[in-house]
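Presented sequentially are two complexes of subunit A, the first with subunit B as partner and the second with subunit C.
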Partner chain A sequence: MKIAQKTIKFLTITAIALFTTASFAVNSDQKHDTENDGGRVNTKNEVDAYILHHIKDSHDFSLWSYTNDAGERKHVGFPLPIIIWTTEGLVTFMSSEFHHNDDGHVIVEKKGLKFAKIHSKIYELDQEATTVSFDADHHATNAHKVLDFSITKSVFGIILIGLLLLFWFSRLAKQYKTKQVPTGFARVLEPLVLYVRDEIARPNIGDKHYRRFTGYLLTVFFFIWVLNLAGLTPLGFNVTGQLAVTACLAIFTLIIYSASGTKGYWMHMLWMPGVPILIRPILAIIELAGALIIKPFSLLVRLFANISAGHIVVMSLIAIMFTLKESLGVVGATGLSFVLSFFILLIEVLVAFLQAYIFTMLSALFIGMAVDDHAEAH
Partner chain B sequence: METLLNDFSPGLFAVSTILLLALIALMVKFAWKPILNSLEERESGIENALAAAENARKEMQNLQADNQRLIKEARAERDALMKEARDISNNIISEAKEGAKEVTAVLIEKAQASIIQEKQAALAEIKKNVAELSIGIAETVIRKELSNKEDQLKLVEEILKDVTLN
Partner chain C sequence: MYNMIGAGLIVIGAGIGLGQIGGKAMEGIARQPEATGKIQTAMIIIAALLEGLAFGALFLGK
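On to the complex of A and B.
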């Protein structure tokens, strides 16, 4: 049953991926870089760079690129809007103005300011500079980063999956108005909602308080799970592998359990009863560090690291196709890459669920510890 | 660590915070609240239905026990009534028998007494009639035979003979 649900979900996402691909406009750009092979990724260094580029956020949504007969590099995908806060205030333009350049060679001028994109970050050039100059470590010397509120690929993914979740679950909610047992796809969603409520929220928070937090836990669970799965599709999202997003989720959990902590919870943290007075301040420091730093940090790093590592492993195994071509031959390298990446992808499907489960479970556990009646526990 | 911090985008953090807050609010309002309410309603409905079924079953059992008891009681009452009726009828019969016996005895006695009386009356009447008859005979005889002394005596003797026989 569980496998069937996952398959349905996976198929849904794949179908969406195919559907959106069909509606993409194909835009072509001359690749403005110094490489001669037109942006092909063939060598080990290029593969490494490509993987590192992929797990970062991106300012345009590109699905694949190819070189046409005329030697032009074509990118299939669509540009996303760039919204940045600069020294001159808010500046917006489309990412297509960078022409897929990512090493700072293309300079975009807006409001009298010059901008360059280096490793998926937007830099504002100093007043007198016309090109970006780099030091030995490849850090820009005459430009600084700007506050970037762009609709990046991750933001686009969050909006897309958010709308999808809203669509799915509001339809499930609507079905209950007319019938007791939902039909169709909603029938798959109902046991998942029940699973989060009965296996995650209720046992960890307790029957008395779980109702208040179930909405948050359900949202987080499905948000992480569906985005994890979306990251395994050729859409190539890496939303849950962005530190900013996982940090945001972890801080939400931190705020919720700190705000709903009972008197007993804070009492046990700040002035532990039943231990010698001299030890209490030391314990308070340890407890505070645990509650305010270690718990959210473990949440955000676990999710980020697992998903990023998953993406790196899958892409590295796919890259076997190119890197081992010489030693194994085309067929051997392709076959090996296909078999290995297929099995790793299966594991990643499991990890996608597991990480969503762990994040939600730990959030529920932390909330449960905060709202628990401590007086009874001792 | 430096790369990680370099990769951390404050802009993305801000945007995702706003989007997630909106998503949580919308999901809670349009999805989770109605879904959880409906689920709880359904669960309590099922629980109530089960409890009601259990109650109905218990009531049924009680009713059956009651019925059994009532039937038993009714049967016992019927038996008692039958027994009483039988006793009463037996009594009536025996009383009637005794009464009849007495009545017949009295009747028989009376009959016997009246028979004796009648008999005596009849005898008396016969005697009277015989006497009258004898007197009549005697009269006629006497009237006819008074001339003949011998015959008179003979007749008297004969009559007397008859009389002593009685």
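On to the complex of A and C.
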């Protein structure tokens, strides 16, 4: 059994590593084309813009783009729906109507309102305006942001991975009805589920209460882990590197440990027994700030910063083949970039697991602190 | 300019902290190999807390 687990672990890691190396091909193709596009020469700025564009969320799902023989720019990918709440109510259209324009030059008219896309944000133009005008800081002067409920690339990724997890785990659950040992891919998932239950939930929450929270911890663990891994594929998701997503996950944990806190937990937080009365309000402020702000903040910033930093490092190392092309030659720069980014990607596969593990572990720890019986402590 | 110096200082501090955590954990494991699992778990938790602090500082200083 142990050997089987190890084999599966090894095979998974190898498959993931092979899959991620494929991303070089796609990314480098794109870079070459951007470089040849219209004779732009400022590689450094271009690389910066490219990396920032990757880190940010976008309204269409583009895999790569190229310039064909006729000099036209072609994008490979598919558009995603834009759903916005404007002064005229709900407006929906496909993002292909912007023709991949991101600086506000393409105006889309719907319901008598005009919309422009500037740096991946949808703006509604004022009534009389026909083009977007900018002030010195490149802020739009005659347009304002709208409430955006679009299916962006990140939302698409969340839905996709959510359905995938639902499919995997409902199949795993069904298999236990007929047999003792799951078969097929479910055999990979079973040890991971047991690992989260026995190594993360039980020791941190305690034997009495851990069952209640195992479901949430499993969901969070697999959601973060699979999305982290999806971010390393050429699909180019950066879902767990979005502040909104990590903040949402951290708020879930905050709500769960606050709602399930025992009387003793709140007592110790708000009116600490055993210390002088005058100290108690000061301690309450510190404890409240720790539990309601610092804990979730550290959870959300850790995940966001780790994943974003990982993506930036990988993209920068891939970009070495363009920035060092003059000094090292094409073969030298490409070789260096390939070797460096290959090893960083392997480390990123580890980080993807580690961050999911740490988020789940700390969530379990915080929940454990809240539900623990404080009667014998202090 | 100043936030770059600040970022450098944060990384120096976090590096010293991580080195302490890792080094002491290694010592602990060398002294008591049977407690490896427990030491590793505690090490990762403390490293994660330190990392949260360092990232928080970097994030606020940006």
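Keep this in mind: the second predicted complex is superposed on the first by the 337 of 378 C-alpha atoms of A that agree within 3 Å, B and C clash if a C-alpha of one lies under 4 Å from a C-alpha of the other, contacts with A are read in each partner's own complex, and residues count from 1 in each chain.
We adopt the following convention: a residue touches a chain if its C-beta (ideal position, glycine included) is under 8 Å from a C-beta of that chain, and two chains touch if they have at least 3 such contacts.
What you see is a predicted model, and the numbers here were worked out from it, not measured in a lab.
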For A:V132 in the superposed arrangement: first (subunit B), second (subunit C), both or neither? neither
State whether A:A319 touches subunit B only (first), subunit C only (second), both chains, or neither. neither
Classify the contacts of A:A352 with the two partner chains as first (subunit B alone), second (subunit C alone), both, or neither. neither
Should A:S154 be classified as contacting the first partner (subunit B), the second (subunit C), both, or neither? first
In the superposed arrangement, does A:L362 touch subunit B (first), subunit C (second), both or neither? second
Which of the two partners, first being subunit B and second being subunit C, lies in contact with A:L235: first, second, both, or neither? neither
Set of subunit A residues, in rising order, touched by both subunit B and subunit C: none
For the subunit B and subunit A complex, residues of the former touching the latter: 4, 7-17, 19-20, 22-24, 26-28, 30-36, 38-39, 42
Which bits of subunit A are touching subunit C when the two form their complex? 203, 297-299, 301-302, 305-306, 354, 357-358, 361-362, 365
Parts of subunit A lying in touch with subunit B, wherever the complex brings them together: 56-57, 84-85, 121, 147-152, 154-155, 158-159, 162, 165-166, 169-170, 172-174, 176, 180, 190, 193-194, 197, 211, 214-216, 218-219, 223, 242-245, 247-249, 251-252
Under the touch definition given earlier, write down the residues of subunit C that touch subunit A in their complex. 41, 44-45, 48-49, 51-53, 55-56, 58-59
